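Two complexes, one shared chain (chain A), two partners (chain B, chain C).
Presenting the complex of A and B:
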């Protein structure tokens, strides 16, 4: 199925449409504020589509179906966690984060704790998480290009990196918002229409139950068990995955930066509510592919099951066209998530590195974008393939162990100090970072040691929270004097007029 | 565009706030006792709401794996041909999450509305004791 013409056309169309919408959005981008946060005027419906478009990465579009095919029901926790993460974010963070009036996570940290050191640590973390998340996107793009149109693997990574860079440099956040919103609906369509056709084929075949099929991966009832390989280890791994995804969402730099584009706290909440709905609709679909893959996808590669299944189930031109549609969706997934991450990383790099050099705002942002894209782009070419869902899962674990405690305690607890925040983030980062290094270097996932290191969130997140609280208590004298005023700003509704200085 | 792009103008407008700042909320700004009490009440009601919203989520996330761990036979239970875990984690969970989200947003906005009213009353001349 290499070199199918409709797939080539699909990839080209998505690329052209992305660039065209980005250029169109450029007409509205004038100020530095446009570039960073679209001047904070994006309405909930548009912003929610944009968040959905940005958030649904290759891991959601391709990874979930493949994991479900191989490992079965325990992998359903990934999409559940990625959606539930938004509920946790909505309840604990959304409105106050918007009202804090900061541009980025480091801005929030500095404003809340009045400490340049916490700011510097947060900036490093944003870049680390952003790159950890960008790397598999670029690699996945290479994989898709290879599977869909027979291109060499490096080509996909380069195309995605260049398109993202052009879009981010030309229009910043304002133009990206339109691109992302378009890409949510493209991704939904690209999974929905083939899913309906494939389900029709399946019903026509007498609807053999996937749970009884002999397809690859876990057998029989293990496939229907939402608990890894079962046993106490399986339970631990499942809980750890739940903690990482439920709490990690709020700490992802490209998610957080979106909240500053809402007009006010109330809109931030309503946006998040719409996002929950959009994600819920989308995540009904990938497991369908995984389940059908068990019946029909005997020789499909799990990584690209979504791309290959249409041609396995529908012979001839129909299958080619459906495959082209999912290829377009997959490509949109790489482009949108990479764009969002690049914007977030570029914002931090430009403020904290190039901003110091007194470059004008937009020039600094553009330089930052080059760095943000080039480094993970080169890494993607050099590093071995790490598996999209796995690397993304680790990025969630790091975010949950560092930014989640910072945000939750910073927003709800007056007693947080700069030293406490630094200590907590350091502990969380070391804990989850060890897991990242271990997981990237080791394929083996058996035994308790591997479980604890490979899925660190269940212990590293509570440890980070505890460290932050204990150290803050011990350094009580360092609570910033303006804390009450800042808390007022975070929690007071816009209807009450305040000095929001 | 034959005459080249129009000259770019940096627009730095005033803060986007519909109402001009009124002095009657100075209580909260100035960290007076009254302001502190008012904010404390808002924080408490919002935290209580957060707890009430996240409790069902936590119960779900903790309970489902535990149930399957303690009773592995659940993996073989079928509802309308679908394995139970698939029905719950592949479908039913999403309306549940959206429902919790809608519930939270409504309540949170009501809490904030109550708070805005409270501030209004507290800041009236006479401290809100007039009829």
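Presenting the complex of A and C:
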């Protein structure tokens, strides 16, 4: 299975295409005759595809199928949560966030609370979450390179890190909407076409029930039960996962940046609606691979099941070509997500760290990019064995425990103060951060201690909310004087004629 | 530990020194509010510091129309502040009001006397500082007088800030009114030439002209989105192209991501007008390129022409706000845009102009995607 030529070609093609688009971009010129600014505003459908392209990471592309294969239906909560996170975003955050005019989460914090210290804390968190999210992307790339061409695991991580770095530094891939939108459809195609073929093979074999198959992982009845195994602890783990993924989406640094591209709050809501649909379609596919893997993929490794399954089910050239397509999709997943995240992190690092040092803008940004990519790259080399989907789950837990309370209370509660926000974010970060350190250091073990630490969101999120409310109440005098005016601006539709100054 | 404390306390000076520091600190707490001018809000926030400064049981701040803020006990006297203010405004100097003027029914009330000092800005009384006490001493009168003068100073600074803002607004208004009469004659003339040959185009151009003027004469709002600004630029170029035809070529490269960025109203349009004027000067035909692109946390807009170019020294003087020596007002727009960008986003966001005689001109505008307080 190793070293198949089509897969090599696919990886090279995707890498070269990404570099080429990054370098030359969509720099076509237009003359006034066919140029209309209005026609160039980013439509919700296009922006939603771009969000999908940036959002669907290695965890979605590779991790979910492997988790479903091993742990069964309870792992479906990952894709459900990653999609439903946008529902929460739609209801609570999307339109007001766009109306706030904030470009990044630190911007929002500064505008809402008028405090440079909250801004600095938010910047630190953006960097922490970004690194935690980048880590599994690089690891996943290593796994794919190993599976596709038999290269050592570190090579894939290095290749992706270098490609992303070159792209970001050369000024390409600046979250260009078209490129990211294209990446979504590439990823969807790369999973959809092989899935259709494989389902055909499965039906041809008489459609055996995956739950009855003797594949790896849990027993049949346990496999198809959508709850974590292990009684009360399993239930806790499931709920904690739901809390983390439902509430974590809004705190991801590269998602907020995309919402800025919407012309107004209404468009932001429509975009989120379309994102929900696009993600819903995409996330139907990885579980299909997981279930088929239980029937056919007896000896496939869970994390690269998606890549190996086509060759296991369709021997010969057909399987090789399908595998190449999936490999290309996986590489697109790493590159687009890592680029978006690296740019978000590099922006924060260059503005809030190197910008202070009075470095010129471009130098600061390049240094920021190096830091943004190098740290998770080295971590990926140092700790190569954290499950891809689990590490992303931890990033969501940190985001849900810090930025979710900040955004939700900041948008919907007048009483939030800077001290309250700082305290809440600190408590949430310490709580979820302890879990991250524990999970990165230990393999999953049993017992309540491991469950509470390994999946901290169910207690760290309420704790962060409570701290923010209590401390804000205690420091009532520090409510910023402009809060009412800011609230009016957040919640009044743009169509209403009103002085927002 | 204890000796360390004592040493630090000694380091802060004598009791008198510390009293001075306390007074200065209290004054500095009151000043930010007063620097916003004399309003109910600023009076409310500064009054408690002013009362602390004077050590009186109650103080009030009024403007010439009535009470703005009362701090301290005896709030039932608030109704009498207007009469006290009126007497001082008419008298023009600090006066002391006794019990007859402060009729009181509350036995335990500490308010027996009032010292009322005028607040003077530009030789005009804008309000009063009223200090209420149970016995007015000469010292308190002196203190009230001094504090009133200090408050007047702060209010004068506020007035200065306000007039600076007004000046900036006036410049924008001037810029709006600056739509060159020539442009209007020429546009209407060009439209007229199409009325018989191509009535549909003439009608479209007239509508564009109407939209263009509506945007340019817009009264509200200091900021607009880049999309709106570029739409207006686009209309302007359509009208100019109707007049110049093939002699004016335009290339626009706009990244859709930067369209929602908030920019100062009319900050691109004057640059394009300059480019058209310079681009067509000399050889009679020209090419204008407008680029708006995404650059991390900021957005870069470039307006370039391939015309005659300009002496860099002349541009430098225009940006510094000096009139050109030959009296031409070519670059007034540049100086104004530069000043407004700096005032809004800070000095690092000024205009960058690359030019030389015969080499065309390129004007680069950089605006942050987000700046506190800036929104369209």
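Note that in this section the second predicted complex is superposed on the first by the 462 of 501 C-alpha atoms of A that agree within 3 Å, B and C clash if a C-alpha of one lies under 4 Å from a C-alpha of the other, contacts with A are read in each partner's own complex, and residues count from 1 in each chain.
Throughout what follows, a residue touches a chain if its C-beta (ideal position, glycine included) is under 8 Å from a C-beta of that chain, and two chains touch if they have at least 3 such contacts.
Since the model is a prediction, treat every value here as computed from it, not as a measurement.
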For A:177, select first, second, both or neither according to whether it touches chain B, chain C, the two together, or no partner.
-> second
Using the superposition on chain A described above, determine whether A:365 touches chain B (first), chain C (second), both, or neither.
-> second
Who does A:103 touch here: chain B (first), chain C (second), both, or neither?
-> second
Of the partners chain B and chain C, which touch A:347 in the superposed model: first, second, both, neither?
-> second
In the overlay, answer first, second, both or neither for which of chain B and chain C A:380 touches.
-> neither
When both partners are placed on the shared chain, which of chain B and chain C touches more of chain A = B
Is A:260 contacted by the first partner chain B, the second partner chain C, both or neither?
-> second
Once the structures are superposed on A, label A:425 by its partner contacts, choosing first (chain B), second (chain C), both or neither.
-> neither
Once the two structures are superposed, pull the chain A residues common to the chain B and chain C interfaces.
-> 30-31, 40-41, 263, 499-500
Interface with chain A, chain B side, in the complex: residues 8-12, 15-17, 19-22, 24-25, 28-29, 31, 35-36, 39, 42-43, 46-47, 49-50, 53-54, 57, 61-62, 64-66, 68-69, 72, 75-76, 78, 81-86, 89-91, 93-95, 97-98, 100-102, 104-105, 108-109, 112-113, 115-116, 119
Within their complex, state which residues of chain C touch chain A.
-> 220-222, 225, 227, 230-231, 234, 237-238, 241, 249-257, 259-260, 262, 294-298, 369-370, 372, 374-376
Chain C contact footprint on chain A (complex, rising order) | 27-32, 35-38, 40-42, 101-104, 107, 110-111, 114, 171, 174-177, 260-263, 343, 346-347, 350-351, 361, 365, 489, 499-501
Touching chain B in the complex: which residues of chain A?
-> 30-31, 40-41, 73, 76-77, 80, 83-84, 86-88, 90-92, 95, 209, 211, 221-227, 230, 232, 234-235, 238-239, 242, 246, 263, 266, 269-270, 272-273, 276-277, 279-281, 283-284, 287, 291, 412, 484-485, 487-488, 491-500
